[in-house]
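Lettered A, B, C and D in written order, each chain numbered from 1.
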Amino acid sequence: MSKTDVSRRGLLKTGAIAGAGVAMPTIFTAQSAHAFTNEPTGGTVTLGFNVPQTGPYADEGADELRAYQLAVEHLNGGGDGGMMNTFSSKALQGNGILGKKVEYVTGDTQTKSDAARASAKSMIEKDGAVMITGGSSSGVAVAVQALCQEAGVIFMAGLTHSNDTTGKDKRANGFRHFFNSYMSGAALAPVLANAYGTDRKAYHLTADYNWGYTTEEAVRSSTEAMGWETVAAVKTPLTQTDFSSYIAPVLQSGADTLVLNHYGGNMVNSLTNAVQFGLRDKLVNGKDFQIVVPLYSRLMAKGAGANVKGIFGSTNWHWSLQDEGSKAFVKSFGTKYGFPPSQAAHTCYVQTLLYADAVERAGSFAPCAVVEALEDYEFDGLGNGKTLYRGDDHQCFKDVLVVKGKENPTSEFDLLEIVEVTPVAQVTYAPDHPQFSGGALGTCNNGA
Amino acid sequence: MGILEVKNVGKRFGGLQALSDVNLSVRENSVHAIIGPNGAGKSTLLNCLVGKLIPDTGSVMFDGQSVLGRAPYEINQMGISRVFQTPEIFGDLTVLENMMIPCFAKRDGAFELNAISAIPAQRDIMEQAEHMLEDMNMADKRHMHAAAMSRGDKRRLEIGMCLSQQPRLLLLDEPTAGMARADTNNTIDLLKQISDERDITIAIIEHDMHVVFSLADRITVLAQGTPLVEDDPQNIKGNPKVREAYLGESA
Amino acid sequence: MFKLEKTDQTLLIVVGILTLFAPFILNPFPEGSAMAQFNAGYPDLMQRFVIFGIFAIGFNILFGLTGYLSFGHAAFLGVGSYAAVWMFKLLSMNVIPAIILSVVVAGLFSLLIGFISLRRSGIYFSILTLAFAQMMFALAYSVLTPITGGETGLQLALDDPRIFGASQTPEGNIPVPGLFGLEMRDSFDLVMGSWVFTFNIGYYFCAMVMIASFYLAIRIFRSPFGLMLRAVKSNQQRMNYTGLNTRPYTLAAFVISGMYAGLAGGLMASMDPLAGAERMQWTASGEVVLMTILGGAGTLIGPVLGAGFIKYFENIFSKINSTILHEWFAFLPDGLEDFIVAILYPFIGKGWHLTLGILFMMVVIFLPGGLVEGGQRIRSWLQKRKSEKNTPNGSTEPAE
Amino acid sequence: MDAIILQILNGLDKGSAYALIALGLTLIFGTLGVVNFAHGALFMIGAFCAVTLSRILTLSHTIIDETKTDFLGNPLKVDVPYVHDIFGVAAGNVIIDWAVPLAILFAIPVMIAVGVIMERGLIKHFYKRPHADQILVTFGLAIVLQEVIKYFYGANPIPTPAPEAFKGSFDFGAAVGFDPNLIIYPYWRIIYFFFATLIIGGVFAFLQFTTFGMVVRAGMADRETVGLLGINIDKRFTIMFGIAAAVAGLAGVMYTPINSPNYHMGMDFLVLSFVVVVVGGMGSLPGAVLAGFLLGVLESFASMREVIDIIPGINQIIIYLVAIIILLTRPRGLMGRKGVMED
């Protein structure tokens, strides 16, 4: 009796159709035929797009899905090719990946690690996906990344910002293009010092879970290094909706800056509440009171509305960037969907292209070959300038954007403006940096 | 010395003295009726006997042991069974199952984790329950849902359930309340039969004089929370105090 | 056989056969066909069917028999998972000790929580259990992160100090849970023409445990203890005045169903060694309530059906996207195709919640006894039709 | 001291929101005996009444501004609200700015209609069904309602600000002699508090002083007897359901400037409001209000960092901890009646 670690429907799909009508043979599949999990042997290759389709991040998931569909279109030679034209690697031909037409399946993570793993498993076991990508939270990213490692497929993380994804929970089969908490802190601190001075007293409100912890740590250490003082850091429950009881004591503490280490709905509510309390109209220690949001997304800005005006934060990418890659992507996305892409859409699109390119360059879909092709790979033309996929932790190193809520937005998508493009050198850290300690990458797993 | 001795029992609800200085002695193997006008404290007294209420003062001794402070199930295990004004049975279960539960309680005590053996394997219990159903003339209804039966049958079932525990004292709370005449007479006959055939003491709270005088060996009259008189039925009938307090009012 | 009555025995055998042949039954459509989307015969989902089946069977022992509605049962599933993963991290990758520990730990938690919560009944009991579970979820997600992994869940790592067995495989990967050398994730495929059937070791392990759990549940239902539990639901007053102490009965039922939940949690971790806090959230507890009521509370098979129904929806319906819809209706003229897709689209894929909500309402409105009642109605309708056929002059029999 | 005063203020404000939702829930439970899991959805629909009104007010036609370009380099399309055309730009902006208060007028008829339709179309058939069925069907309804809202409005929160006039906060501290900025409170939250107490008072007065209210209260106490008196209690109960829906809806409308509404805000409040109702005692209106304020204040205290430093995580569990303690010491919540929802 032969054994497989997961089923290989990608193979069987085509094989079985060819053998349709022949009901006779009863074959247990033989192991030797497959070098790795879900090896695509027919004319197509299946990718799994695992994004939140229900729950609070459903809109972000929808935007990710749009980007994936666009990427598939471009990979298969449709549309205007988008960033494939500006990408420094020219391995992609617009004829699918390694000549195989790209197909995809979608799943709903519900932004819950269990559901995300279930849906990823179904894509691997049922649909024969050879790569899983997507997600909109670090909990999901870490959970699915571990699953992909075990199953022997590649995981290209979507939106995940916690240090842990490429820190203590890193895995050899997983790759992150998105930036992380440390980079946010490192990029923001100089801009904040520049704008608000170096003797600020900061009050942190931190979402009480892993991502919140790493973000608080990163922002604290980089602002304190510039001379800021951290007056207090209070943890807030994930399920909190009304932050008034956390915002109200801020002024009493003598702080003159509020840092909201919140994401998604938490951030929308805490920022709205903070502005409601009129914090930004106050004068403390002779300085204007300021609010900082380390991680911005367009949907968060949209949810918080006018409250974001003038508030600093960081993002991975923004559609108003004027490099050729960004312009090409915005153009093809905007033409197809009628509005500019979000940073989540960008990172997902880029991850798909990077995966496809690595497969082309490696000449194989085998995860270990892909890992080798991506590790320490340097590229350009995908929107963030020269970028390195570091081999030590599978984290992309690239420029980080410091942004600010726009005072006079012209549309519901035009909410943030770029204040500074922080060069990659300033956000690079050593692989053994204490904020990323613990855990090991391990070795790549081909499964099967 | 009776099997049930109530001494100086008093119970207060806020500003209302529901019972005061109640003394009562129920002789073994007798039928003792407690009568009284509405609000005389009959139900309160009963609840003090079964552990649902704890009296403020006094003592309640059953067979030489105090029942005070014990939970209803413990008092029941001592040998006191109660029949309610509206039949309290297991409506969702079949008649046979209803009858089996007290048999289990008698055999296994207040709690027994008997989760694996099948019910039909409990032959002794099955036999007891079937036997009691026949005694109660209900064998043909054994697979009926108890809730679907007539009120008279429910009452009959409830009495049967109490009897299958072989209690030493059976407390009945207006067992014929709301019954048609025919059902009432049937119930009287049933209780008479029980009292004659079994080694059992019965205490009955009743409003209906017909029932009381057809059953009771001894009667306590309760008025305004305190016993007025305790005597044999024929003496009660002629007692002017009783007539004034109770019978006169209803006559 | 099995010391069961005939109908129960038939039921057990039917369930056993359905479970063992699930890889065939759940994959009725050939690979590559448009309907293959509805195939559910892949290991993960099959495992989920039986694991949530166990969870719901256990929940039904409490809710179906005693009527006590616990709104925090997922907490026991959660602690079971944590216990199992810790066992993998510290002791060995064998699933047996992990599952034993998860049952024991869940039993202890349910003993404590049940002891306190069962002091109240009705909705007050429900809210107490809900409160305990929500507290456990909130703490596991935040303050207890060092023990529970918090947001990212408790996972295995390459440097786990495993007493029996290596921290890493020779290839440098994390070992996978197994049963004396049989790896839970191992599968083999059977190809028959266009059909592919996957047989997964983990699934069969879970299936065996489920059949055993189901058998145990039947025994409990039919035992004197089960009778007492139904009596508790029917009339607590009469219980008390029949010399029976209801508290230990309800507590025993609570602990047994908590242990079932722990077993389900342990199995989940054995199939996929990760334990996340979301497993304990009130929505997860609500899900098992829905499974049980949807299938038919108090019936033996109902909860299993309900579990399958909801998990099928969650995993199959959520994956249908507009591209697939367009493929299905590609044979139609373009305008009509777009129209039909536009109508269906809100109900599938990301709209699966909507469809599930509508189905809940339909089932509760029209089938108060759950899916089991639906089955009974169909059966009696079929029987009626059959008897109508058997009376050639067409005269129907008088109603009973 | 100032910190404690501030958290009491906070707690009262939070508590007024809890009390308002719990009140509607109790009203439905007390009158109809129905456990309504869709009550949170009514709150959410109320909030989306405000969103809808502000969408209606900003209904626009587009004009093309040749001088500017959009992100793709095409001429910029500018949306011009019709209200600008009708009332002029200045007056139009004021109307748009006041969308939330205006939405109160809009929400009342909508919510009453939603409530009546819900009661007549669905809930009515569940009066005699077990509580478990009621929970399931209303839970299903809640899912359907929120998914429908999500379909039309998306999953992201939608900012719905208060009128410009109510922005900023009031300095309580300075008013009573503390240093400035120590005890500040946003105007809109103060309004919310008074609005909530007004509605709560209104509901109590309505039940206390009108014949309608007296009949309903009698019906809450003993439905059958009131039915025997030949009073059509069903019709009144339908109206009560409409009123309860309106109360939930108004709570939602007024809540929108505090937190941007999203489709799952009802579910977020559902569990909490049930805890409030049960802690107050099922079926007790004063209990619900009392419990709402109590839990609001305690939650605020638990979120003080001085408290969290002593007991880490207390802010995560305070509500549930209090609920457990109260239910263990007072079997039927703060003011519950015997025998209600205990079977």
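The rule we apply is simple: a residue touches a chain if its C-beta (ideal position, glycine included) is under 8 Å from a C-beta of that chain, and two chains touch if they have at least 3 such contacts.
Remember, it's a predicted structure, so these values are computed and weren't measured experimentally.
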For subunit B and subunit C, chains touching each: none
Label of the chain whose CA centroid is most distant from the centroid of subunit B: A
Chain-chain pair with the highest tally of contacting C-beta pairs: A-C
Chain closest to the assembly centre - both centres taken as Cα means: C
Separation of mean Cα positions, subunit D and subunit A [Å, integer]: 35
Length of the line joining the C-alpha centres of subunit A and subunit C, rounded to whole Å: 33
Whole-Å gap separating subunit A and subunit B, where each centre is the average of the chain's CA atoms: 74
Residues of subunit A engaged with two or more neighbouring chains: 58, 208, 235, 237, 239
For subunit D, residues contacting two or more additional chains: 313, 316
Numbers and ranges of subunit C residues touching at least 2 other chains: 138, 142-143, 353
All pairs of touching chains, each written as two labels joined by a dash: A-C, A-D, B-C, C-D
Residue ranges of subunit A touching subunit C (in the complex, touch as defined): 1-9, 12-17, 19-29, 53-54, 58, 61-62, 105-108, 112-115, 117-119, 121-123, 125-126, 137-139, 142-143, 146-147, 149-151, 162, 164, 169, 208-211, 213, 235, 237-239, 439-440, 442-443, 445
In the complex with subunit C, residue positions of subunit B that touch it: 50, 71-74, 76-77, 81-82, 84, 88-93, 97, 100-102, 104-106, 108-122, 125, 161, 165
Touching residues on subunit C, where the partner in the complex is subunit A: 30-32, 39, 42-45, 48, 138, 141-143, 145, 150-153, 155-159, 168, 171-174, 176, 183, 185-196, 198, 272, 274, 276, 278-279, 314-315, 318-319, 321, 349-350, 352-353
Of all residues in subunit D, those that touch subunit A in their complex: 2-3, 6-7, 9-11, 13-14, 17, 68, 70-72, 76, 150, 154-159, 161, 167-169, 181-182, 184-186, 188-189, 257-260, 262, 264-265, 268-269, 299-300, 303-305, 308, 313, 315-316
Contact set on subunit C toward subunit B in their complex: 3-5, 219-220, 222-228, 230-231, 233-235, 237-246, 248-249, 252, 256
